[in-house]
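Order of writing sets the labels: A, B, C and D. Residues in every chain begin at 1.
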Amino acid sequence: TIRALFKQIFAASLKLQQKQHEDALLVSRARKPEDTVVAVGSVRIGGGTPVIIAGPCSVESEAQTDAVARVIAEHGLGLIRGGAFKPRTSPYDFQGLGVEGLKILREVADRYGLKVVSEIMTPGDLDVAVRYVDIIQIGARNMQNFALLKEVGALSTPVLLKRGMAATIEEFKFAAEYILSHGNPNVILTERGIRTYEKATRNTLDISAVPILKQETHLPVLVDVSHAAGRRDILLPLAKAALAAGADGVMIEVHPDPSVALSDAQQQIDLDTFRRFMAELKTAAPAFV
Amino acid sequence: TIRALFKQIFAASLKLQQKQHEDALLVSRARKPEDTVVAVGSVRIGGGTPVIIAGPCSVESEAQTDAVARVIAEHGLGLIRGGAFKPRTSPYDFQGLGVEGLKILREVADRYGLKVVSEIMTPGDLDVAVRYVDIIQIGARNMQNFALLKEVGALSTPVLLKRGMAATIEEFKFAAEYILSHGNPNVILTERGIRTYEKATRNTLDISAVPILKQETHLPVLVDVSHAAGRRDILLPLAKAALAAGADGVMIEVHPDPSVALSDAQQQIDLDTFRRFMAELKTAAPAFV
Amino acid sequence: TIRALFKQIFAASLKLQQKQHEDALLVSRARKPEDTVVAVGSVRIGGGTPVIIAGPCSVESEAQTDAVARVIAEHGLGLIRGGAFKPRTSPYDFQGLGVEGLKILREVADRYGLKVVSEIMTPGDLDVAVRYVDIIQIGARNMQNFALLKEVGALSTPVLLKRGMAATIEEFKFAAEYILSHGNPNVILTERGIRTYEKATRNTLDISAVPILKQETHLPVLVDVSHAAGRRDILLPLAKAALAAGADGVMIEVHPDPSVALSDAQQQIDLDTFRRFMAELKTAAPAFV
Amino acid sequence: TIRALFKQIFAASLKLQQKQHEDALLVSRARKPEDTVVAVGSVRIGGGTPVIIAGPCSVESEAQTDAVARVIAEHGLGLIRGGAFKPRTSPYDFQGLGVEGLKILREVADRYGLKVVSEIMTPGDLDVAVRYVDIIQIGARNMQNFALLKEVGALSTPVLLKRGMAATIEEFKFAAEYILSHGNPNVILTERGIRTYEKATRNTLDISAVPILKQETHLPVLVDVSHAAGRRDILLPLAKAALAAGADGVMIEVHPDPSVALSDAQQQIDLDTFRRFMAELKTAAPAFV
């Protein structure tokens, strides 16, 4: 019918406009077809070889951090993650060691030739953070902390931006656009699961976000399997799925003794489990950085 | 069976522990049975008489703000809301007038004897904000901006805390606990809808959160009907429902000419619609402040 | 800009087409402006006076059903609900008394002059059901059981259609359209909460659905507060909110001794609590049928 | 503290009981450690070699079905899917060819030596269905159509059970348990995406469900990438991810000319795209049945 025809024309026009609008964004692959590669030391994120970013949820001590760093270095990986400023639901939970934690991370990382990824939660901490951190993580709860996005946009330090727990893929892209439009092109997108009704996992890993973000943006895309799952027993299949779907790498929480961890005890894996994880993942993808 | 009996005992024990833990919170009604009343000038929020907080989504100009303020004062209401720092999905959208907007709000509010509610998005803006604002709003995207929560916790200015768009009621309470535990007891909880699959409304107003928060905490509870609905045509029934469910008041966006508004054009109502809204709401609840 | 103007034109055109499409539906108020009133005996649902439909989750025995029916009649209410065919997550849970349950319901209802609402789950049970039931309930899990919808559409018995637990308001309207388009105009829509991430309640009552359904359709709209809440302590404020939002009535589960109920033990209220519920609800709305 | 210790004991006890309860289910891997393999002709689903189930959303004509079947056979695949009874949101949408569609499917499938998968929506259609269909599909909307589950449980025909669009993994297992407990052990679980707030995809593929279902049950697990995505451009990465996560196979909708398809026009792929899909998928997994 004529009516259906008009409807299709209108819908197509709208979609086209929407697409043109999105294509104009700095994050858009239409605007910059080649992949952005974020280089940190010798590690190249988004350069074709997947990265594994491992480390404890929270930096708790020098010994704990060193134990994890040693295993990371043992596998030839170049990055360590660890939380010094911790976003915790309750004010009475462990809030992280703060700057002291950053110092431990830096010292241990330097010992093993690793680069440091750590979350910063507020603009006021950026000045000190850039002295210790190689990649600034913006956590899920701060994906739309626009003041923070603008501030890291004014830096040149790479930014690992996590998807908010109820953010749409479109909002995620716009959050990255805040950073790029303020001058910092070194943004790494990280899918970490979204909040749904399903409670078998802590969050629902939105695996479809990986190919969509790879198509629509030129930025590297990682998957944080630990926060997505919230349980240890499915981390390996999720990591395999992430790489199979085209992710540029995987984040995973590792702790020498998860049962006494000060945060995320349920989802961190111990050192031996991490060794097995790496061994089995190599069957899926041969090389990591 | 024995097994089922043990299960009930275990479950009951866990629930009891959970309850004891929650009862120990500063926000908990178990700890402070009497209602907290947040007094701002002559307005008492949580004092038994519902409040209506109206105003434009964004402060756009002195004339626009004045037009709304006049109608608010006309109805004997004591509060005006207006955004000066605007959290916007895209960096290319109108970001608010900033401090200039706060000054306009203050000047217009003083002209009509109103108190000012306005959102602050980052700790760095608090110093200037407290000079112009009577109630600091923490928006949904910042409900777990813990650095910001701690900072407003160190002030005595009342805080209107909005529920995050995917926050559980429990997380909402803990966010308020951050503020109380840092010393500021003047917190107003505001339900503004949660993000669900339903797209007929911008968010899904979780009306059940109202009686639950009233039972479990001693804090005033408001409902922001404009952000919940994202459309004008159901604001009145939602406001009636909110008050019927026990809310201490309602927030609503009002603009002299919504069609040219710089933000939230779809959900703001014009001045005449607001007058009708107030008239009809009075049939549901006789008095407002 | 021209582009933005075209976008608005396209969007408006699409919206208009969508509206015209929806206005053409049999359920649409645009097509039939006056309210549909479903009459069952002397009870008129949708006729301006709210109805309260109470009764046990499951019919368990004649004595249990009689005890509830007596209290219903005591309050001058004309309807009793009770489950004979029970949709249960596990095959090992109590599946209802089946036809035996319908017979008990009928007998007890006749004793007190009540009309019977009971769920039917499959077309094969309709023949026997219509002998005992005055209003056939289609449960949330069967909202899109299209074979069942078509079959009840071929009957003249009124149908109480519950919203699916992840159904959009639009899908809900189309489910009703299945019934109307097969010839049965006597449909009562019932909002019973949708599934979200929030776990403080069993489901999230979508209170906005009430005014939207009242605006867009001519059918009566009820709210099932028991399944929405999944807990007893907020049923009264939810019922008040439902009526304030414009609902034509409320469904609530009542059991003489909820602690031994064979289903939904957590959310049913006992007889005395029901008496208090009715007393307090009368302050919100003076008369019920 | 003592309190925290007790809490852990209680929580562990509850979890243990829950686990014991689930381990007792017929679907549970604890009860039957070895994988269930559903054999249909020479195709073995769950036997280690992944299956690809392709075919049109709806059977529209003999020619259309034949065109798809030829390409399926060309790739050495043994199964064709096609809808004859279609669950459609609107009663005015194409409802499928019904029995006529089943006959076309059977005839075409026999021509190419394929086995037939087709959805049955109501118990009344089972008698005729078993004459034409090799695997009965229970769609997402009927996952908790318990009467239908019981009826297919009484057959020996294999059942492909799709996860409901808002079903938890636990509810999904219980739905399968209905079938097994009524006597039919040949159940294939199919993840097809769940409904969330994200609109970039039709549903959110819950990739975590794959390893969880493989661990907790002994049943084969497939992934329907077409309904999960609702768009064509990410089907290949989703299929790769599904297999990498441990799925026993993938379902995908194929149509000779999707633009004129009577249903799901947006997500079906044409024959050439399907050929490329198969070619590229073979780099991820070498053999399919």
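Everything that follows uses one rule, which is that a contact is a pair of C-beta atoms (placed from the backbone, for glycine too) under 8 Å apart; a residue touches a chain by one contact, two chains touch by 3 or more.
Bear in mind that the values here come from a model prediction, so they are computed numbers and not experimental data.
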Residue-number overlap at the chain A/chain C interface, same or different (half cut): same
B-C or B-D - the one linked by more C-beta pairs in contact: B-C
Gap in Å, rounded to a whole number, between the CA centres of chain C and chain B: 32
Interchain centroid distance [CA atoms averaged], chain B/chain D, Å: 45
Where chain D touches two or more other chains, by residue: 166, 170, 195-197, 199
Interface residues, chain D side, partner chain B - complex: 3, 6-7, 10-11, 13-14, 17, 20, 195-197, 199
Interfacial residue positions of chain D with respect to chain A in the complex: 166, 168-170, 194, 196-201, 204-212, 215, 228-229, 233-234, 237-238, 240-246, 284
Complex interface listing, chain B residues touching chain A: 87-92, 95, 121-125, 141-142, 144-148, 150, 164-166, 170-171, 174, 177-178, 181-182, 195
